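Structure in structure tokens, see below.
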Amino acid sequence: MTTEKPISRYPVPQLADLPQDIRERILAVQEKSGFIPNVFLVLAHRPDEFRAFFAYYDAIMLKDSGLSKAEREMIVVATSAANDCHYCVVAHGAILRIYAKDALIADQIAVNYRQADITPRQRVMLDFAVKMAQRPQEIDEEDFVRLQAQGFSDEDIWDIGSIAAFFALSNRMAHLTAMRPNAAFYAMGRGA
Amino acid sequence: MTTEKPISRYPVPQLADLPQDIRERILAVQEKSGFIPNVFLVLAHRPDEFRAFFAYYDAIMLKDSGLSKAEREMIVVATSAANDCHYCVVAHGAILRIYAKDALIADQIAVNYRQADITPRQRVMLDFAVKMAQRPQEIDEEDFVRLQAQGFSDEDIWDIGSIAAFFALSNRMAHLTAMRPNAAFYAMGRGA
Amino acid sequence: MTTEKPISRYPVPQLADLPQDIRERILAVQEKSGFIPNVFLVLAHRPDEFRAFFAYYDAIMLKDSGLSKAEREMIVVATSAANDCHYCVVAHGAILRIYAKDALIADQIAVNYRQADITPRQRVMLDFAVKMAQRPQEIDEEDFVRLQAQGFSDEDIWDIGSIAAFFALSNRMAHLTAMRPNAAFYAMGRGA
Amino acid sequence: MTTEKPISRYPVPQLADLPQDIRERILAVQEKSGFIPNVFLVLAHRPDEFRAFFAYYDAIMLKDSGLSKAEREMIVVATSAANDCHYCVVAHGAILRIYAKDALIADQIAVNYRQADITPRQRVMLDFAVKMAQRPQEIDEEDFVRLQAQGFSDEDIWDIGSIAAFFALSNRMAHLTAMRPNAAFYAMGRGA
Amino acid sequence: MTTEKPISRYPVPQLADLPQDIRERILAVQEKSGFIPNVFLVLAHRPDEFRAFFAYYDAIMLKDSGLSKAEREMIVVATSAANDCHYCVVAHGAILRIYAKDALIADQIAVNYRQADITPRQRVMLDFAVKMAQRPQEIDEEDFVRLQAQGFSDEDIWDIGSIAAFFALSNRMAHLTAMRPNAAFYAMGRGA
Amino acid sequence: MTTEKPISRYPVPQLADLPQDIRERILAVQEKSGFIPNVFLVLAHRPDEFRAFFAYYDAIMLKDSGLSKAEREMIVVATSAANDCHYCVVAHGAILRIYAKDALIADQIAVNYRQADITPRQRVMLDFAVKMAQRPQEIDEEDFVRLQAQGFSDEDIWDIGSIAAFFALSNRMAHLTAMRPNAAFYAMGRGA
């Protein structure tokens, strides 16, 4: 009995049927990564939402920031784990391993970031990110003070908060569509 | 002692200092509404995120849908209330009163949508939206069956889920910035 | 399709059928307010409970206190919101707007008292009241110390606690009976 | 080192200093029970609240009802245990043992009513009472249907709900005052 | 109608059918206590698990420790109450009363250890034990600092943690089997 | 700055200093696995507890069962993930990949077993195991009926429950000691 699930609860468009800008973005990713991450195909079911989603992603994940690229992926993995998001933990766990050049860090953060091999500054960053994910209504000045004491500027704090907020959306779209990560992600960045 | 809080924890840009496309969007809103809702000024602190945010908003809130405009605002109010989001409950409560031509519905849904004057179909819609807000990891086929039994198509369900997901982001940005609603929203649509 | 719900799950007595003391109390309220708040009619289904309920209410809400009348209503609104109580948030929200002469304060407290335009002293008062509503078993000396540091006497603290305790009862009776607020409350005190 | 705590965080009045009606009520209880349950002394600190409290108690606990006296005490013990209320579990546990003529039932219900030696009808009654204590905002028609299927009338359901609501108040006053049960209650009704 | 439940959901072996080492252990307990606590009969359904279970129990409950025997039973009662475990609260409540020579302490800890007549040191011990029971993933160095400040050595902390961990298992086996305590436990140690 | 944490908060014994039976067990594991899993070294700090722990482990994990070895490891991974247990998720995730000959299954179950590639029967098994981990006090006959409907015998259900109960203990010992998994586990069984 096979139990492998499809990559989406919704119809998945063919590349050929997509608007040109979306097809081009997807082909560019494929060329760079060697495969098409399923999130592109699943969300392409709604072209306008696709465009806004990836514009948002670019705006927070590609910008200059006081956070390193690895730190931004730590936020994605920690908050996606808090939301039990299969796609995001697996896909961004792979990216985190690569950016951090560390084969262990993604699983550590996904299971329990409090026990991961991170700096005290990163611990405070993830405490805030997970609070943004789970109890955002309790954010107050004390959180800002705690982050500032670790050297984060107010713009850095916006970056942390904005990534956590965007993946609150992203995790929910993954749950809505039962989005399935590509098998390729599981093993990336684990090795020699 | 005055205790009135500012509209954002972050610097709020002057209209004159904003990129032209953003300034024009804001002026168009002002012309239509008679005032500038604070969310536009608060998020303009980050122009790229501003553009993606409102592109996403337009993609889900302005599109043709099996959901009426009032129903979409019900989803916003119910999920924003689940997240205790001051800005979104007050601002979208006002919009809901206007779309629904009902002075009571927004407060009813904000306090406890289970006791609001809504149809059984709308009750199932809001049960799903609030689950998307609070326990998205438990979404499964039974939720789809329950919605389909009320006549919602799979595309309608995407709409419900997508609005709930977007406001998961939006509520968190409001909490991050301590975004304050304009006083004008409180009284809109309440009266004679 | 009308979806407006009745004011109670239980039979609602006619004024003429009520014991004289209860009828007189209700008529006095009607004369003062211009209408009969539904809580009087709904609870009159059980005269003995009605008498005890309003005797308790008078004992804590009308007494001299270190808390202003507006502050007492803040406690009612904050704890009733914590319990998602449709009747109490709407009815006491109206009373709070009137006592505080503030059109915005009730909605602010109902959605998220942490973001409301209140003083630091009122913030500590509401933190305690909401703890009484949600986690009373964790009340300890530190809570008293925190309140005393804001100038609250032990008798003031009893007042806060007693109001929160009484509305724990009141909210539950409203949920039991599916008590519906009068439409008149929604717009009261919202301004010119 | 003695660690025994006082019976209240607040001053406890002398009998001689109390208003006559309150003193008489307390003396009557003492004559009947052989001792004065601490709740009378602790709440007598506020005479008006005392009168309303016991008037409410009498109205729901002494009335004719489709619930037996033992069943009413089961509701008190189960909901007070859900609220971790030291005074109410110990004092009403004693009363339950006596009414039920069962030395074991109170501890069973206090620890986990789902495993207690009760009838299926009593199980449904306690499920509802504990829901009233913990999640009253989710009470809906299905709860009524479930109770009616066990033979409870709507008036019986009011009784269950009203007892649970009153002890929501009572438990909170006990937590506010750190009310301590008389040592006599622990052993009552346990024996040969 | 009798509603008394059996001592286990599973078959309960006859003493004569048990392996000799298990039978001898049980007979030794019976000789010492005057009756066979049901946990021995219920778990004997699986001899290998029985042997490991009681070897573990002996290793943590009979060893020399910086914790008194009464303190160890306090941990058992507090964590078992947190898990609503009928068998363990009743049986170990009895043992605690006997070790502590205190008729009231077990019920106090079972209902709300925060209000029990215990020392500040014991309060910190139980705070940690209950955290081990409910939120062990949040254990961190601050917990160790708090315990050390009360004079607990690191080995004492292992003892507290290990007892809480073992009863996390034990409570769950009791829930799995619907294990029923012997009637004899309820009255033991309650005084003259 | 190195941030790698030690394998235990407690002293880790040298093999040479351990009692002979424990040293031999550890050497046997080392010979079979090629390395010593840290749990053996960390728990050897307490030889009597070590012996009982592994006797229990053997009694439930090595016995004949209606559950396959892979299914038993699924239970370990799902419940350890529910407890955010770094050691157990990583170490038993590795074992699960090997037993199941599936490089993806462990991460799927660790993040969200509801979305994993498992059979409906395994889904019901894990629902029960996670309930044992998180809400064991709510286990009732309906859970047994649901499991029996999938073909599980009562002895199989004991096996599921007993594994979940043992890892409730094991996860807590890992949290108490801040137990760190060997780096070797992360990559095991991930494929060619």
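A, B, C, D, E and F are the chain letters, set down in written order, and residue numbers restart from 1 in every chain.
The rule is simple: a residue touches a chain if its C-beta (ideal position, glycine included) is under 8 Å from a C-beta of that chain, and two chains touch if they have at least 3 such contacts.
Computed from a predicted model, the values in this text were never measured in an experiment.
Shared contact partners of chain C and chain D, listed by label: B, E. Chains that count as touching both chain C and chain E, per the definition above, are A, D. Mostly identical positions are employed by chain D and chain E in their mutual contact, as over half of the interface residue numbers are shared between these two copies. For the two copies, chain D and chain F, the CA superposition rotation is 120 degrees, given to the nearest 5. The greatest centre-to-centre distance from chain A, using averaged C-alpha positions, is reached by D. The most distant chain from chain B is E, comparing centres defined as mean Cα coordinates.
For this pair, chain A with chain F, the centres built from the Cα atoms lie 28 Å apart. Note: centroid distance chain E to chain F, computed from Cα atoms, is 24 Å. Computed centre separation for the pair chain A/chain D is 51 angstrom, with centres defined by C-alpha atoms.
Residue positions of chain F touching 2 or more other chains, listed in rising order: 84-85, 112, 137, 178. Taken as a graph of touching chains, this assembly fits none of the simple shapes: it is neither a line, a ring, a star nor a complete graph.
Across the whole structure, chains are in contact as follows: A-B, A-C, A-E, A-F, B-C, B-D, B-F, C-D, C-E, D-E, D-F, E-F. Contacts from chain C toward chain D in the complex involve residues 9-10, 45-46, 48-49, 51-53, 55-56, 58-60, 63, 83-85, 132, 136-137, 139, 144, 154, 157-158, 161-162, 164-166, 168-173, 175-176, 178.
If you check the complex, the residues on chain B that touch chain D are 112, 114. Residues 1, 3-5, 81, 84-86, 89-90, 103-104, 107-108, 110-112, 115-119, 178, 180, 183, 186-187, 190-191 of chain F touch chain A in their complex. Interface residues of chain B, counted against chain F in their complex, comprise 137-138, 140.
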